[in-house]
Amino acid sequence: MELNRLLKAGFGRRGFLSGSSLLLTGALLGTGEEPAAAAAAGRPAQIATPPQGEPQDKQSKQELLEDLVTANHILQDQGVVDGYGHVSVRNPANPNHFYISRWLAPDLVTPADIMELDFDCVPANGDNRRMYSERWIHAEIYRARPDVKSIVHTHAPTVVLMGTINEPLLPIYHMGGFIGSGLPTFDIRKSFGNTNMLISDAAKGKALAQSLGTYPAALMRGHGGVTVGNSIMHSVGRSVYLKINAEMHLQAGSRKIETLNAEEAHQAEVGNQEFPKDWDLWARKVKKS
Amino acid sequence: MELNRLLKAGFGRRGFLSGSSLLLTGALLGTGEEPAAAAAAGRPAQIATPPQGEPQDKQSKQELLEDLVTANHILQDQGVVDGYGHVSVRNPANPNHFYISRWLAPDLVTPADIMELDFDCVPANGDNRRMYSERWIHAEIYRARPDVKSIVHTHAPTVVLMGTINEPLLPIYHMGGFIGSGLPTFDIRKSFGNTNMLISDAAKGKALAQSLGTYPAALMRGHGGVTVGNSIMHSVGRSVYLKINAEMHLQAGSRKIETLNAEEAHQAEVGNQEFPKDWDLWARKVKKS
Amino acid sequence: MELNRLLKAGFGRRGFLSGSSLLLTGALLGTGEEPAAAAAAGRPAQIATPPQGEPQDKQSKQELLEDLVTANHILQDQGVVDGYGHVSVRNPANPNHFYISRWLAPDLVTPADIMELDFDCVPANGDNRRMYSERWIHAEIYRARPDVKSIVHTHAPTVVLMGTINEPLLPIYHMGGFIGSGLPTFDIRKSFGNTNMLISDAAKGKALAQSLGTYPAALMRGHGGVTVGNSIMHSVGRSVYLKINAEMHLQAGSRKIETLNAEEAHQAEVGNQEFPKDWDLWARKVKKS
Amino acid sequence: MELNRLLKAGFGRRGFLSGSSLLLTGALLGTGEEPAAAAAAGRPAQIATPPQGEPQDKQSKQELLEDLVTANHILQDQGVVDGYGHVSVRNPANPNHFYISRWLAPDLVTPADIMELDFDCVPANGDNRRMYSERWIHAEIYRARPDVKSIVHTHAPTVVLMGTINEPLLPIYHMGGFIGSGLPTFDIRKSFGNTNMLISDAAKGKALAQSLGTYPAALMRGHGGVTVGNSIMHSVGRSVYLKINAEMHLQAGSRKIETLNAEEAHQAEVGNQEFPKDWDLWARKVKKS
């Protein structure tokens, strides 16, 4: 999938924005970027919303899986995942299913490696390839959060570290607006005692989903974190800026940081939309290499 | 534009140095590099100043826009911008206009993406492509500062962080001489209350320009910063060394740093000229990749 | 050796797992990844164990040496070694011998550079090429630890630094599970007074091996560290995660870290197996470049 | 110049080791690497010392200049220099002259850019190209230190920072052995008051050389540092490990580091020779890119 097609595909990547389309529309009309002529004329800009429906689904699926593969590569390139971590997307044609790679380091994923699972992690079509042991992160969050269309499990070291120190991660700049007034930290030991730290069954997935609640992201002690979003682009963008925000927090050392307040963070999050400018940049980078 | 042409173009890149040419000439004659024969003979070196005038403008415009594209790529490569941030240049043939990319991540910019705007951000020639929402940073600084020929809006994380902690950023080495006795920090909340942090209209642009005053750069709380200069090369060079200086400051932790004093900083800034050696290096790097 | 062959080779890379095969089997059945169909059916997965025996040795040796070369390149790429540091593997056909490169920076190693040494560091087959002065690290650990099949001598700066400060390195996330309740630090000065810090003879190798004891890794003051494992993949994986864990520890500054407790670390270590997902990722990366 | 030739050239790179050949020989015989057969037989190894004399000079000069170009590229690749900083080598056929690039960022240097200067910085052969303003660093150190064959002026940010904080840089591991019991810091303000920080004339070069004294390296407040050596390989290697040692020092924050004592540092320095293993690694890296 080349950049041209990426650009042409436009909103297709953001897909079925049911729950969040009001938010996004508000962002585009209110605080986002505007076509020049409209802006010059003092009129608010209109962004055409692509039709979302059944007839498109066949083409959408192929593009969606290509975007999922691209997301896997972006996450490696941006330092969000290493051999571990993963990204998934809900099936728009069957919201009780999601797509995720078979057991494989994200950077090695190709379209042929994508599997379709239900929320009990039973694969569609009798696919019996080896799965991620932590697929339950995805299944149980999709089950608990109908608004969530895509999930990233991050292994970025600075995010890992933020989950182990007793300091709140707050938004240091507008790109971290989604962090709001702070994120929950899931400590697996509180519910399950001593474990190997992995979300390796449904019960642990449910507990993580409960800790996440309605937040856009959660840290996981001794493990990493999750980010969710309205699209692949959205969960990926949040995972990158969660990492950058964590890096800045740690780099500040013992210095006091004047973070965004709750209202600033909220407005910044609206302004960020789902990180479309980043996606195009990040996608081209992994396609070139 | 290949290196050979870059080198051949020579001072063309630095363009219309009206306001600062005395400064630059002083630098070259006094403290800068000298042709060998002149130095050996004990005579100050003479650097030919290329003619600056109307007849050249047609060719200059194409070269200027190519340099602006190169600058976009350099800023990504040097870690000054990511998907966001931007760089602009004043139109030498019409000082009330400036050139800047349409809405696009800097690393993706090509010559065809450059737009020409006036200080109300109305595009020339009916160009109605989507614009950066923060184009007002550029418009209002050019309006307030006739001496400024180019502007960079930086998103370097260490610069962002320096704008959120209550410590002055001072020049740690000669390459940061332009930092002088410190830079202003613009806090959008002081004048506009809670916002999405973006400089998304003329009023906010004016407030930022007022905070910048006559300084070569300003930090922006929860957002990033701006650097200005006599040329693209100059604003870009300052943005890179602002970043490196911020990194060093943070890396020092709680250690006391013996920074340059005001006079040392001034003399170092003169000696640095507009970073021509860096430009050639940075430009080749992005052209090779 | 291409990725396809790597994947096809499968468990061949992990070789002769005699001592640790129970552990690995437990990991695969209990906490690891499971083939989809088996998991869906509620049955524990069966991973075919490749036959380990004499007839395979001829082919195994070539593959083993290719993996050893790949490991050399991975260690450079992952920042574990620079011009120094090395990796070795025990000869499965003659457990009193091991393979290691001749005197050469790891990234430059090719199959032709591999030598075979006994535990007195006498080369097989009259090979008289220049050897690493610190070959004794390998010889004496193999002699003392029959369970060890591969050894990495790391020069990662963060690991070096952890060996010089008086703070215990503990597992910050599950990938560092092997660190358990902490690692020994070998201080050559305690037994040998002032030296050039190198393990340059048998006595020093023996002292290091004694300090290592039954641990999976040891730090070396003013020098670096060693990791050992059941396979090349295992010692390499541990060396990478030792480095990442050390980086996180240092990045935390004076903040208190809630590390894994001993039982969590043990279970995580079992769950990590020998880092097969990382190996495939890391190996492709160095083969592409 | 390809790797094969580099390897074939062998000791030629280290050239005229007059002053330090005893030291080097001691290192090779005593603590360094040994050919296998000799070691196995218990005999000390003999390293053939290449003839050093007039007849070789013609070929040596071309190789020497190629090595100087390679060194320029290595210094950029290893983060020792950016657009600034430089490396020079004494002319073995005329010890009162040295080779250094004309005014150019190190990474852009080619053999045609090398100039030959005397200690008054008068170029040989009427070469009148623009020179580095800080060529006096090199001229005055060569004049004061007949034992020095090559000099690097480093701009590594961590080295810059170490020259501005009031903490001694000490050897944290054996690769930093040359740091011994600490290095001098040159503060230009002490002798010259407020300047642009540059070593831009003979007087400042002499003052820096006096501060350096008999040390292998010096820091320069608000500027960078210098390393000297018996060969290009030696000054380059020291500049890289000075940088790594500075990084470790800063990364330790307020933690106490157990550094090498003076005798350990001395022995380690002897053991490091002139970093031949690093050179081959670093040189191949820049030749590949």
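Letters A, B, C and D name the chains as they come in the text, with residue numbers starting at 1 for each one.
Methods note: a residue touches a chain if its C-beta (ideal position, glycine included) is under 8 Å from a C-beta of that chain, and two chains touch if they have at least 3 such contacts.
This one's a predicted model, so the numbers in the text were calculated from it and none came from an experiment.
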item: Joint neighbours of subunit D and subunit B, given as chain labels; value: none
item: Contact distance in steps, from subunit A to subunit D; value: 2
item: Chain at maximum distance from subunit A, centres defined as averaged CA atoms; value: D
item: Copies subunit A and subunit B - rotation angle from C-alpha fit, nearest 5 degrees; value: 90
item: Separation of mean Cα positions, subunit C and subunit A [Å, integer]; value: 34
item: Distance between the centres, which are taken as Cα means, of subunit C and subunit B, whole angstrom; value: 48
item: Junction residues of subunit D, two or more chains touched; value: 253-254
item: Pairwise chain contacts, counting only pairs that touch as defined; value: A-B, A-C, B-D, C-D
item: Contacting residues of subunit A [partner subunit B, same complex]; value: 3, 31-40, 45, 171-175, 177, 244, 247-248, 251-261, 263-264, 267-268, 270-271, 275, 277-278, 280-282, 284-285
item: Residues of subunit B that touch subunit A when the two form their complex; value: 76, 82-84, 103-105, 107-108, 115, 120-123, 126-133, 155, 157-158, 160-161, 164-167, 189, 194-198, 200, 221-224, 250, 253-254
